[in-house]
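Supplied in structure tokens, the structure appears directly below.
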Amino acid sequence: MSQVETTIATPGGALPDRFAEVRGFSERLAAPLSAEDCGLQSMPDASPVKWHLAHTTWFFETFVLEKLPAYQEFDVSFRYLFNSYYNSVGEQFPRPKRGLMSRPSLEEVLAYRRHVDAAVAELLENGAGCDPVLADIVEIGLHHEQQHQELMLTDVKHGLSFNPLRPSYADGAFGSTTDAAPLEWLPLEEGIRWIGHDGDGFAFDNESPRHRVFCESFQIANRLVTCGEYLAFVEDGGYRRPELWLSLGWNQIGSDDWAAPLYWFEEGGRWREYTLAGAVDVDPNRPVCHVSYFEADAFARWADARLPTEAEWEAAAVETGDAGAGFVDRLVDSGYAVHPGAGGLGSQSLLGDAWQWTSSPYAPYPGYRPASGALGEYNGKFMCNQYVLRGGSCATHSTHIRPTYRNFFPAETRWQFAGIRLCR
Amino acid sequence: MSQVETTIATPGGALPDRFAEVRGFSERLAAPLSAEDCGLQSMPDASPVKWHLAHTTWFFETFVLEKLPAYQEFDVSFRYLFNSYYNSVGEQFPRPKRGLMSRPSLEEVLAYRRHVDAAVAELLENGAGCDPVLADIVEIGLHHEQQHQELMLTDVKHGLSFNPLRPSYADGAFGSTTDAAPLEWLPLEEGIRWIGHDGDGFAFDNESPRHRVFCESFQIANRLVTCGEYLAFVEDGGYRRPELWLSLGWNQIGSDDWAAPLYWFEEGGRWREYTLAGAVDVDPNRPVCHVSYFEADAFARWADARLPTEAEWEAAAVETGDAGAGFVDRLVDSGYAVHPGAGGLGSQSLLGDAWQWTSSPYAPYPGYRPASGALGEYNGKFMCNQYVLRGGSCATHSTHIRPTYRNFFPAETRWQFAGIRLCR
Amino acid sequence: MSQVETTIATPGGALPDRFAEVRGFSERLAAPLSAEDCGLQSMPDASPVKWHLAHTTWFFETFVLEKLPAYQEFDVSFRYLFNSYYNSVGEQFPRPKRGLMSRPSLEEVLAYRRHVDAAVAELLENGAGCDPVLADIVEIGLHHEQQHQELMLTDVKHGLSFNPLRPSYADGAFGSTTDAAPLEWLPLEEGIRWIGHDGDGFAFDNESPRHRVFCESFQIANRLVTCGEYLAFVEDGGYRRPELWLSLGWNQIGSDDWAAPLYWFEEGGRWREYTLAGAVDVDPNRPVCHVSYFEADAFARWADARLPTEAEWEAAAVETGDAGAGFVDRLVDSGYAVHPGAGGLGSQSLLGDAWQWTSSPYAPYPGYRPASGALGEYNGKFMCNQYVLRGGSCATHSTHIRPTYRNFFPAETRWQFAGIRLCR
Amino acid sequence: MSQVETTIATPGGALPDRFAEVRGFSERLAAPLSAEDCGLQSMPDASPVKWHLAHTTWFFETFVLEKLPAYQEFDVSFRYLFNSYYNSVGEQFPRPKRGLMSRPSLEEVLAYRRHVDAAVAELLENGAGCDPVLADIVEIGLHHEQQHQELMLTDVKHGLSFNPLRPSYADGAFGSTTDAAPLEWLPLEEGIRWIGHDGDGFAFDNESPRHRVFCESFQIANRLVTCGEYLAFVEDGGYRRPELWLSLGWNQIGSDDWAAPLYWFEEGGRWREYTLAGAVDVDPNRPVCHVSYFEADAFARWADARLPTEAEWEAAAVETGDAGAGFVDRLVDSGYAVHPGAGGLGSQSLLGDAWQWTSSPYAPYPGYRPASGALGEYNGKFMCNQYVLRGGSCATHSTHIRPTYRNFFPAETRWQFAGIRLCR
């Protein structure tokens, strides 16, 4: 994995700096939004931006600061209000009603952030680095916050998308695209591989233990499926041919009348797409995204290919030397819209642009044990009826991407920046 | 009916003044709320305050201004966004998703109001009074807006009630109550009565035509049922005895676990109640409210009485001379909380405090014909599976109350200020 | 009402004979069905024929025989199994699961009938006639059974209708029709009328007390709306024009994709209709039936007419002298299919052929009090969100029809033989 | 695997004999049931026994006989009526409405079976054995029918269970149990193993291709979890402790009020269990069954163990030499109730008694390709949101059990005879 580590950005620097940086970035993401925008909840799975800002703060307060005898809670009711799903911590405010929390106001939540930030900063400066357990939890809290940063973008996109005004989250340019690179198949040999995190740097518990998997030889595509390729599937009647679909997928597209990726719509005879920068024409060269596992799987079948397993994907990311280029800082500093390929296609890598559905149901690695205590609820209890996605997206911070990272969503979800990489 | 007219406030003054007054009052009601509060939608039946502010404006724009060749629309997309249910005008933004309209912002909606207000004011000053049709529609628009003013209060109360912080809409005092007046039964003779509006002053189309109804002799209670009386029903197992309930009501309390009026809760062994001024103790002397038709009907059965028909209620309002006192200006200028009896019990009248469920399903009067055109959708199409309520409430403006007024809600709804007056 | 009484069949003869006759008729209705057919339950509102056979028996056992010390229960578990909705009697087997009762078998239910019939017959012969209370309950039980006889037909029709084989309940001819009679309007004067049962002969409690109602003058149609007239409404876009519909009706036809009466379907460019004798062409001269209140109301609006109130309908039935002809014994002995107009159109009367939706919500008559005890649950608790139908249908036994009879169903129901009579 | 093959029964004999045997066994299973019982459908997932009898027949008609030019269809409408989910064959009658098919009658379905049986028998005798393709499809059809035989039992058990009479499917004894064997852990070494069917004898396509899997060393329990052990979990608050459950499982037990396995109930202070032979006391020595994946997983966590992967399970079945004993003919000829351990505990093997939930989501084996044509819909399209179960149950025919067999059901299903084998 060494060649990867040289190319991807590591969350560098001392913990106090990184804490300030990550916390600040959340607020930077919220900055283009009004308080009203920050209250939107368009479905139970999506939370208001304000809730994300508060919950990530609650995380530090609950798991770091509450352990300190001198800590003064900001508001005791927030324990309940901003607990997401930690039964060990206590009851939770019902998830589908998060959009009803007009109080505390966005301003109060920002004050809550300042209160907690000051306390954590003080702790870190006063040598919490000496207490490796607390430092570890701060580290988890930062990665936790980075996960929510991506959700802030995908959730607010979903919320705004119901507005017939098609409002943009923020102005952002779409660079002109050249023709997508020709599809090539990168070959990998059969054999036992070590899969999972090697303990060097941060990883979530679900990336461990590192373990052996036997893979047959296979080939993986050099780039993501493009909108143009996906359009060919649509126009070939892809959504009307049951033989291409998993049974549950066929039911889903029937009951929800799916006929294209989420956010696509026809207007004046053209395919258009709602993005975080408003509506644009679908560009055939950009990677397709906002597809469900069902659609990724059906497309692969139509294309006479398949989706990779997560072990195959990880092996390819490590072995093809193609894991590092092209995605760093696309999001933050680019001035481009937060959208796959918005900043140009460049030389696509396995990382960035769009999460890639794998054919692997989300399951524990052999020997996996969740952390003890409340943080053990982080990952393990969700290992049912979800699929693993790999690779990160245009909405993932560059310091939050790594080849062993296991993202997971139910097969029918589409509001993440999730695309397709073929295998055969 | 003359004695009534002398005692209730008529929306006095010239149309331009009244227009300014009513429009201004809506904004005054919204003033204590943040933009975030104004976006809350807690159920499909309840709309955000911001939506009410915009929809009432849309009403004037659509039915008054759009007819003027010179009128410049504020924003063409608002036609669709803020149409409530007028199929004749066009498609409507889906009602359950009104809470997702973070754009236009509250500020933009207030600007929309100023734009439309200026245009209507100019029209009225330039002699639209000469055009009786337009003046009539402005009049309807004002009464329409007053209906929405009440809904702004009941809808935001519902929205805020889900917040475990139990926030108050606005500070407001609760006057101390004396003992409720003893229950007395006012007798009325059998005979044919003329029911419905006599054409003097404004009325909605559903109050016409005035027509004859034969009533047997009956007695009506001199005041509303109190919280103390209702509590006796609760403590007598009222919610556990099927023989007291309509079949649909029994199903409802079973499936929704109702055991007390909406907003009541037990805390520390006492009954508390969420109000627009926050949580308070249930006061046994104040009128009970936030009950459904099912609960009103079951309570009446338990009390060996019944609910009045709407004809009986109207006859009583006209004939007992008890229609006018006690409610005027309670809401606006009182400094009291918007809650039945908050300003003291005084001498209760049939009008004000709480709407009173009648036993009359909402149906057309004999010979009723809706207005032609879009405004014909105002009332008639809702005459199914609803019950008539009479009398107005603490949240009704004093210029919007009259004995012939027919309010209507489905039997299971509880979020209005609806109480109980007995009959036998 | 005297002219009516001379023409309609009264349930004649001594109580023991009538008991045998009515009980036998239920089994005669079930005779063409297999045990499998008798177990069908196609929706919660419709019960299996076997259940009807058992429940009507349970009624006699519970309300008549259980009071006799010597009575030996057939099977103690039937108390629970075949209680429909009498909370006073005890818990009930869940209604939507009645179709899961493969045991007791149809044969056992028929044995249960014989057991109870023998006990009641013995009671009646041994002078129960002397006990007027018991005799009254037997009388109620017989009318109760006649209600269920009609439901046996409508429920099994609904159940069989899902079968793509379009099976017939029983063979039955359709007489050839002549042209429907020209539409005429029968005039009635304004005035106070006495409405409700006068105490002569049997009536359900909801037909009392007899009371005064003031009616304006009106005109009522001489016959039911025909399929041909209804087809004109369909072809004029009736189901696509929101201005014709109640708001709830418009929602209903949208969500359930209604575009014609229940059981109508298009086949080879023609309108066909599923009947108890299988599929037949829609005959433009026969009365339309299997329409909801929503459809009846929308049709009337389209035809520039309205539905009668139940008081108007009853006045017309009494005063036009048109209440008695044409329907007697159509069902039982005719050899014709059980369908409106199957035996020819003859001179239509207000009674028979199809129930007629009135515009009257089902509400208690002034002074109405349900019977005390369990039988008080018979009618009163259903007086909410239903509409009154008058007149009886082709599936109503001729001894179960009278001008004061109040049938009631929710506005959206269509599986009864319910049609339309216009008024203006 | 050779030692397995010597001990398990192979579906022996020539194809014509086996055809007669398997077909006859379906009817033997239906014999104790009335036509009414055979029509029961208690949930969309469970089909009426009559439907199973017809659908398995449809399978032979559609995939074998329809290819023969001379074959005379029994009833053309059955093509549609009894197609389960083969989109390639055509539209299907809606699954949740299978219980509404009172026609064709059970007798007609049995006649349909005789018609098809005669045609297939003739085909087989006239040398279809020469056509290996047809012979293969007949073979698949027989295994398909055996799958439905198990479903006939589990579906009718579910249907009858709603009947408060707690009827028995058939009389059947429960042998007295001795103490369950002490729990022992059988050790297996780490290494690459070949998993999947080796091509010798029949297997479904989802058991192929045979492929290599790397397993760490592990231990597997020598017997199934007993009711007594499960009861300890229940009494230790197992259903009230969120930390033991997958998140979806915790939601499920909350929304459905699960507090014990399906069919368990408390009566008079004891745990009782509904079985195919009626209600019996829960026997602590018998294997627990009718648990969901969620319950199996939570139990394992509580017991500080885990569920095996399907590869581990298969390796254990092959390598421990414990795959063959004890289950043969328990079902058919035993006279015992169809229930795990009803015939005594004997020496439990990995096969028989109860299906065992593995921790493996149902996914394609590497290189898996479904058959082409309609039969390709058999397995592949269901590979989403299901878990693999291994081992067969008391309701599985002894000729339908093999170590590579992959059964699969969604995590929340409980109506199969599914139990728990621990691993660590």
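For clarity, chains are labelled A, B, C and D in written order, and residue numbers in each chain start from 1.
One rule holds in what follows: a residue touches a chain if its C-beta (ideal position, glycine included) is under 8 Å from a C-beta of that chain, and two chains touch if they have at least 3 such contacts.
Fair warning: this is a prediction, and the values are worked out from it, not measured in the lab.
Graph distance from chain B to chain D, where chains that touch are one step apart, equals 2. When each chain is reduced to the average of its Cα atoms, C sits farthest from chain A. Over half of the residue-numbered contact pairs at A-B are shared with one candidate from B-C, A-D or C-D, namely C-D. Here the CA centre of chain C is 47 Å from the CA centre of chain D. Rounded to a whole number, the gap between the C-alpha centres of chain B and chain C is 39 angstrom. Taking the mean of the C-alpha atoms as each chain's centre, chain A and chain C sit 60 Å apart. In chain B, there is no position where the chain touches two or more neighbouring chains simultaneously.
Only residues 85, 87-88, 192, 211-216, 242-243, 245-250, 293-294, 309, 359-361, 363-364, 366-367, 376-377, 381-385, 411 of chain D touch chain A when the two sit together in their complex.
Contact residues on chain D toward chain C in their complex (touch as defined above): 34-37, 39-40, 42, 77, 80-81, 93, 97, 99-106, 159-160, 162-165, 167.
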